[in-house]
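Across the two complexes that follow, chain A remains constant while its partner is chain B and subsequently chain C.
== the complex of A and B ==
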């Protein structure tokens, strides 16, 4: 079928890359934004624009908050089908209370899980979440969408398609195919080292796109490989759900045995017990970490079997000083404060898993490395986008000559996922600044409206992309690219200006006070605006350039 | 502050190192110094210097951070430096003359 091995690899690279490149573009772009998800949250929720806070006192502040928490209507609706009979008005038996923060979070995320009376499966739990200001314990409004951590981040790993985890499967399959595309790409590329630094924008569009595709693909090859691979490792439990299917009895038995070995009770005793000072337990955990020469900030605090004689408290360290996602957990008896267990050093396999997971999830405190991750992610976007451009450039004249619309369809889809995605993202940020704090009666909640604005803008960009790529069917450059670049240039200025008008936080103030989460977001948008404007001008110049016979000949030679 | 200076030094060492690697290739040497091909001795010297600069950068990264973070910073810095050199060669190739200031176009064989 193919003349040689390299040709077969080229076929695989081209068609798998084309089929899944659109998904990977979304994954890479929102993954890049997710590196600064907490900072984007600050931009989107002005009430949270203050410095990151340490874990507050559990005894004085968190416990009273936990005691008032109850599942919301959405959680109740999701749980109702899992229960025989009606749900109770209140859930009175907390299974666990958890508090989570990072070195970048001014706010604290709390979640409480409750036993569900009458549940068909006795392990069913219902959860309540709350985000609080750790300085006062006051709850933040529940209808504020955390754009970074609750919208862009889930888009990165699940495309926000939650039905039967279908989004996770699409992203996982795409990551697997990306690994294959990286390997086949290396096999296809004859001059990896000789052309490592080569980019020739003055050559034909097709040649320069291939140069950029090779350059951005090769320079960040280790980054692309490790991120695709570690993404698969993180969600391996979804892709191989054996512990809850074929091996479920073994899994349940293992949990019981592990609970006996560690001394951390698996179930409630059914005997009420008072709660000792959790703050004293946290202080003891920090003393033990300090004795090992480790930083002592608490990242995650969990109280299991609340109010029961079997209750215990787990204190985990925020591992900001290393790549590994590690907590060095220390566990105490809830009723007495007695030390139950200090997690032993992880096994070799566990250490590898912690490293691979931490590499991807980046809990470390290192701003330079964060920016370098963004560079790696955006180079991935550039690699995928130029791969799509190359596909179109290579075929559009041939397709035009034979009346085939393949190149036009690919170009329209590429417009949608490259510039269209940026238009949608900026529209969401603008909607975030323009929507009223309280939506009128009968309207969806503010957070839901923001999401509708995002999807609506993306659909409009797709329609525009389809409409304004008709010229590709005639072998010419589509004006959709230039027009959407201009739209990005305008929107990326409008968003920071609206931030200034609605919050008073203009760049002079945020830079002057050193508040980089908001200053960085504004500067990033302004830089994007400048780049988009330059791209629009270049595209205009290229569109105005007459198609010469030599140009066509050169491009045909590569086709 | 010292850590920031050391990391800046690591980034610069990466850029310089990748610049020397690029200049050891005839096509980029020609972009920077004209069309004369360089001598084999200079090619070898540039590649050795490039490797030394990258090693120096890694040492600086290891001085600042734990090994797991330092290696990641270094790998990504090398990627960033490669892009920086590629774009410099595309739009401002003459800027890289400073990396081979001791040679002259006439001196190249």
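== the complex of A and C ==
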């Protein structure tokens, strides 16, 4: 069906790139924002604007908090179908208590998992989550949405479509198509090195869009490939659940052998036992890490089989000093504090895997690298967006002549995912500053209202995009682009100003005191505003320029 | 572009073989990879991770081959047949390991 190999690759690049480019745009953009998810959380929840804290005392502070934690209504509703008969009012048998923090988190995330009596699968657990201020142990209000870590981040990897994991599958397939587009893109162009130095902004829109597409694709080619690939590796167990289906017997066998070898019991003994001091175990773990010359900040603390004779405590290091996702876990017997096991040094394969996943999830402490990630992600957005622009520019006059609406449809969708996504994101931040602290009775919770504002603004941007791209069907530039750029320019100033008015944290204060989470978010928005304004002016100049015959020349190489 | 020769049927069959055939083949690679490497003494999760890393790269290649190859039937046969054969082999290896351990 295809004339030759290169033709088939070009066809794949164009059409699969088009079909999934819209999803990839969302994934790359919110991935870029997720690099600073904790900082965005601080911007969105002013009560948490204080310095990151170390793991607090378990015995004095965390244990009493854990003992009061119970699953919320949403967790109960999700668990109800997994049980024969009704759920109990209270869950009394904690399977595990976990506390998690990072070097960028002033707040501490706690989870308590309980056994579910009458569950069809005895492995079923129900979880209660709580975010606390580690200085006091007080809980944060539950209706606050952590915009960065609880909204932008899930959008990045699952589009927030949780039903049957369908979002994960769409993102996973898109990541595979990203890899495909990179490989086929290289095959199509061949002259990779030359693309690095080719950008002709003064030529036709079509030509300069293609230059920009190639440039942004090639400059960050290893970055794009690596991130799409490691993203797939991280969630491979969802896409290929081999060891939970076909090879489940092998997996069960491994778990039993492992429990025997490590001395960490897989199940409860059913015999109640008191708890020794967990703080003393943490201190011992830190002593052992120090003896190996490693930093001693605790990242994750887990108590398994709480209150049982088989209970044990696992203390993991916060791996901020290396790329790999490491833990160097040390495990103690819960009832006595006796050392059960120190995780052995990782094997070669484990180190490769930790490196791949760690490179993607970036728990390390390196601000320059973090910014390079943002730039890499945004160059991915630029590459995808210019690919879409090129598609439209190349076809719109031809389509206009033949009365086909393809170019217009693509342009309207491109407006929606490129500028419309920014409009929605900024609207969310603005809603976050404007909504009342406590929503009136009968309204959805504050966090839910913020989400509605985001989706509502995005739908409006899509409607506007469709309406104001009508001129593409006549072969001209769509005014939607300029208008949404202007909207972004305005909204990106409104959000920092509202932050100032509602919290008093203006830029002079945040920069003066070196509080970069909020100063950085404000500065980033102001810079975006300036860029959007410049883009709007350029678009206006382009629109005023007459269409000449030389602009229409098509390039045969691209399918 | 010779789009005159590109029919919807062509595109649909290529896409189906690329996605479904690629998936079946990758599943087979991962399942057999885990079973074989584990039986050869590698730690279970190491075998799992390494198989995922290899399997995902194989999926990418299989996807491209499904569009690049001349004869689609042969590609479909290799991907689906190979995937099924490797999946079956993984089952067999698993039953040997479980049988030996019991």
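Please note the rule applied: the second predicted complex is superposed on the first by the 543 of 559 C-alpha atoms of A that agree within 3 Å, B and C clash if a C-alpha of one lies under 4 Å from a C-alpha of the other, contacts with A are read in each partner's own complex, and residues count from 1 in each chain.
Just so we're on the same page, a residue touches a chain if its C-beta (ideal position, glycine included) is under 8 Å from a C-beta of that chain, and two chains touch if they have at least 3 such contacts.
Since the model is a prediction, treat every value here as computed from it, not as a measurement.
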- Fit or clash for chain B plus chain C once both are placed on chain A? fit
- Message: A:215 in the overlay: touching chain B, chain C, both, or neither? Say first, second, both or neither.
- Response: first
- Report, please, how wide the angle is at the C-alpha centre of chain A between chain B and chain C, in steps of 10 degrees. 90
- Task: For A:74, decide between first (touching chain B), second (touching chain C), both and neither.
- Result: neither
- Message: Going by the contact rule set out at the top, does A:223 touch chain B (first), chain C (second), both, or neither?
- Response: first
- Item | More chain A residues in contact [chain B versus chain C] | C
- Message: Touch test for A:366: chain B only (first), chain C only (second), both, or neither?
- Response: first
- Does the superposition put A:441 against chain B (first), chain C (second), both, or neither? neither
- Message: By the touch definition at the top of the document, which applies to A:375: first (chain B), second (chain C), both, or neither?
- Response: first
- Task: Using the superposition on chain A described above, determine whether A:201 touches chain B (first), chain C (second), both, or neither.
- Result: first
- Query: So after superposition, what is the minimum Cα distance from chain B to chain C, given in Å?
  - Reply: 19
- Query: Across the two complexes, what residues of chain A are contacted by chain B and by chain C?
  - Reply: none
- Note on the structure: In the complex, the residues of chain B that touch chain A are 7, 18, 21-22, 25, 27-28, 65-66, 68-69, 72-73, 75-77, 79-80, 82-83, 85-87, 89-90
- Message: Give the list of chain A residues in touch with chain C in this complex.
- Response: 1-3, 5, 7-9, 11-12, 173, 176, 179-180, 183-184, 229, 232-233, 236-237, 240, 242-243, 246-247, 249-251, 253-254, 258, 347, 349-350, 352-353, 356, 559
- Task: Note which residues of chain A are touching chain B in the complex, please.
- Result: 194, 196-201, 215-216, 219-220, 222-223, 321-324, 355, 359, 364, 366, 368-369, 372-373, 375-376, 379
- Which of the residues in chain C come into contact with chain A in the complex? 1-2, 5-7, 10, 14, 19, 26-27, 30-31, 34-35, 38, 42-53, 55-57, 59-60, 63-64, 67-68, 87, 90-91, 94, 97-98, 101
